[in-house]
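Below you'll find the structures, each written out as structure tokens.
Next come two complexes, and both contain chain A; in the first it sits with chain B, in the second with chain C.
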Partner chain A sequence: MEAMRIRRMARIKKTVTFLIIIALVWISIVQTGFSLSTILTGLPNMRSLIDEMFPPDWSYFSSITEPMLATIRMAVLGTTFGAIFAIPVALLASRNVAKIPVVYQIARFIMNLIRTVPELLLAALFVPIFGIGEVSGILAISVFSFGIIAKLLYESIEAIDPGPLEAMTAVGANKVQWIFYGVVPQVVAHFMSYTLYSFEINVRAAAVLGYVGAGGIGLTLNNALSFYQYDRVLTIILYTFLVVLLIDLISNRIREKLI
Partner chain B sequence: MKPYEKKNVFRKIKIWTAVVVVLAIYVWAFAGAPIIEIKETALAAMKGMFNGLIHPDWGYVYDPEGEDLLRSLLETFAIAVLGTFISAILCIPFALVAARNISKSRTTSSFFKVVLSAIRVFPELILALIFIKAVGLGPAAGIMALGLHSIGMLGKLISEAIEDLDLSATESIVASGGNKLQVLWFAVLPAVLPAFLSYTLYRFEISVRAAAILGIVGAGGIGAPLIFALNGHSWDRVGIILIGIVVMVTIIDVISASIRRRIV
Partner chain C sequence: MIEFKNVSKVYPNGTVGLNNINIKINPGDFVVIVGLSGAGKSTFLRSINRLHEISEGDILIGDRSITKAWGKSLLNIRREIGMIFQNFNLVKRSTVLRNVLSGRVGYHSTIRTLLGLFPKEDVQLALDALETVNIKEKAYNRADELSGGQQQRVSIARAIAQEAKIILADEPVASLDPYTTTQVMDYLKKINQEMGITTVVNLHFVDLARQYATRIIGIRAGEIVFDGPVEEATDEVFSQIYGREIKKDELLGETT
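== the complex of A and B ==
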């Protein structure tokens, strides 16, 4: 009897889940007016757009190297600043380091709050303050990667082996020594890996930040799009694609070795 | 030199090369770094933004006629739902052929893994710009962009989940005369379903954030009113939209995370 009841419960749960998903999708379709015919009517346009993109403007490659390098530079600097600021906050957010509930709850709250804001939105907010250009982009990337790295880092700090920490407390180490010799050696590889991971994400993000005026290749892309130079658009896309793929490949290789 | 000493020297060389390379990258990056110049308008903008967050435009939250916050947020949510739904369905065939233990050969599997990472590389925003040219301004372009982009990530995660499966159940189905489709339906699908749901929810959380900015290029959702408010320096409206996005994302994250915790 009990087994039958459990099975029936499971079936009801499955049905309810299924119905909820259908309801969500249906509401969304009504809300957005999305339909298959939208896609179908768009197909011929898509076709002609792709026709205009080919062949890509190969000569354009050399002239977009400068904005591409600027994009990578933005990602490098932004990730670095973000990673540096992430360290103290991650330490404060870890239960086994901060010890005081109020402290780690506040640190976590700040982290979670920052992580809800998408990168491009941050850039859009920084542009009116710091003007159009790379500075806004670097700041947006810094704040965003701070969110990612701090979150991942505090999770690995909480998972460290408490043995060395207890030993250090036993011999009378102060808090700074305790962190430097007890915590840091255990998480430094993770920290580097997370920083690289966030760098990969940031290169991709940096490529579009220019759209809101935050510097880099996105600005070039936006110009090409607004002048309907689709062969150049394709060149930019291909170039971005190559750079991102290459960076992902190298970064992945290093990360595999780190952990 | 003893072998372990040789190994040590080798290790040292490796570490120092890494240090030099990293230093070189930083020298290059900082040499080209832009100088921060604070414009006169910066302070005003900052003050405005701050004031806007403290005194947001509450009247914008609900307006029975015309554009309001709740409607735009609902549209953002709907774009994320449909985008995730489409990619969750489309990623299944990709995940199957990319999984090493299901795919016919090593080459097919690696080929589709590359295809999946290629899809992932294209930012949603660029896809949205392209789809706008095809289907015009509006949520449809955003949905298509998210639907296509998310295939990359979902396909990769799910193919890895399939690779982790213990496929001994498939052997007994094959032994009792089941065909390939029956294997997928009775062995692979039930085993991978929790991971599939969990990853789809996780992707949904990301898609909500993405949908919130797609409007910047005109692909529907809250992004468009936000960028108009920013350009028009109506900080109280910027404030309420920001609060709206943060609240929506937080609620969705909390709900989704609690469901995910229960699934796995």
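== the complex of A and C ==
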């Protein structure tokens, strides 16, 4: 009897979950006005766009190298600043380091708050403050990578072996020495890996940030699009694709070696 | 000298860890603490360097109260007490030498230790300490490349380099095999005799306790139920400490 009742409950639960998902998808379709015909009528446009894109403007490659380098510079600087600021906050957010609940709760709150803001929004906020250009982009990327690195780092810190920490307390180390000899050697490889991972993401993000005026290749892409120079657009896309691929490849190799 | 004055420890959940302990441990003693697991051995040991806080009473290290010490003075007392742990507690990703040198951080300024700028004498001291436990050739290996017994010797070297006057060892051989167990205990005994370091060891092997201790303290339910020279610690005494007959797995066996 009991077993049958439990089985029936489980079945009802499954059915209800399924119905809720169907309802959500259906409501979304209705609200957005999504329909198959939109896609079908769009297909010929896609055809003409591709026609206009090919062949790509090969000569354009050399003139977008500078904005591409600017994009990478933005990612390098943004990642570095973000990583540096992530260290103290991640330490403060870790229960086993900060010890005092108020301290790590506040640090976690700040971390989570910053993580909820998408980088494009950050850039859109910084452009009116610091002006159009790379500085706004760098700041946006700094804040964004701070969020990623701080979160991942604090999770690693909380998972370290408590043994060496106890040993450092026992030898009479002060808190800073305790952190440098007990915590740091256990997480430094993770930290490097997270920084590289964040750099991979940042290169992609930096490529888009120009769209809101925050410098880099996105600005060039925006110009090409608004002048309907689709052959140039394709060149930019291909170039970005190559650079991102290369950076991911190198970064992944290094990260495999690290851990 | 270590002195416990009316020391009690009650855990937040109400468990009594230590109940009104009064005891003196003299300089140069090799004391072995025996008792069932959960009897309070570890609480007793860890309250000496205040890894555990006590609820009542006072603990004196030499003539200084560690219970009342705070800030720099607490660190200064701790720096003279070496500690050996069951799981060695080395930083596995660091070199053996760096692990030993970590015992020296209490003697130098923060900035100097962060930059790893230990004076030449400290490096020599660390290498000599490794020599004492016969593992100097591993100084530049990563700690996790060493076997358990070797890692425990490194942690003894850390305590030596610390120039500790007291060494506390909390189940130092519990995760080692019988052969390395004897090795590690021999080194502890050696530095106790040659350097006159007061040594307090928690052990659950009865025969090992008899073999190495000069004095045995039996703890049961947070109270000292036996305290005397090793000669007086007969089988009946151990049965009393344990509240039952000695079981086979409480004897190490073949090495005695």
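Convention: the second predicted complex is superposed on the first by the 258 of 259 C-alpha atoms of A that agree within 3 Å, B and C clash if a C-alpha of one lies under 4 Å from a C-alpha of the other, contacts with A are read in each partner's own complex, and residues count from 1 in each chain.
In this section, contacts are C-beta pairs under 8 Å (C-beta built on N, C-alpha and C of every residue); 3 or more make two chains touch, one makes a residue touch a chain.
On a predicted model such as this, the values are computed, not experimentally measured, just so you know.
When both complexes are overlaid on chain A, the residue A:130 reaches chain B alone and has no touch with chain C. When both complexes are overlaid on chain A, the residue A:33 reaches chain B alone and has no touch with chain C. Contacts of A:201 after superposition: neither chain B nor chain C is touched.
Of the two partner chains placed around the shared chain by superposition, chain B is the only one that A:112 touches, whereas chain C remains out of contact. Comparing chain C and chain B on the residues of chain A they touch gives the larger count to B.
In the superposition on chain A, contact of A:182 is made with chain C only, not with chain B.
Chain B meets chain A in the complex at residues 25-26, 28-30, 32-34, 36-39, 41-42, 45-46, 49, 74-75, 77-79, 81-82, 85, 117-118, 121-123, 125-126, 129-131, 133-136, 138-140, 143-144, 209-210, 212-213, 216-217, 220, 223, 226-227, 230, 233, 238, 242, 245-246, 249-250, 253. Listed in rising order, the residues of chain A touching chain C in the complex are 161, 163-164, 166-174, 176-177, 180-182, 185-186, 188-189. Contact residues on chain C toward chain A in their complex (touch as defined above): 49, 51, 74-83, 85, 87-94, 98, 102-103, 105-106, 110, 113-114, 155, 158, 162. Residues of chain A touching chain B in their complex: 21, 24-25, 27-29, 31-34, 38-39, 41-43, 45-46, 49, 69-70, 73, 76-77, 80, 112-113, 116-118, 120-121, 124-125, 127-131, 133-135, 138, 204-205, 207-208, 211-212, 215, 221, 225, 237, 240-241, 244-245, 248.
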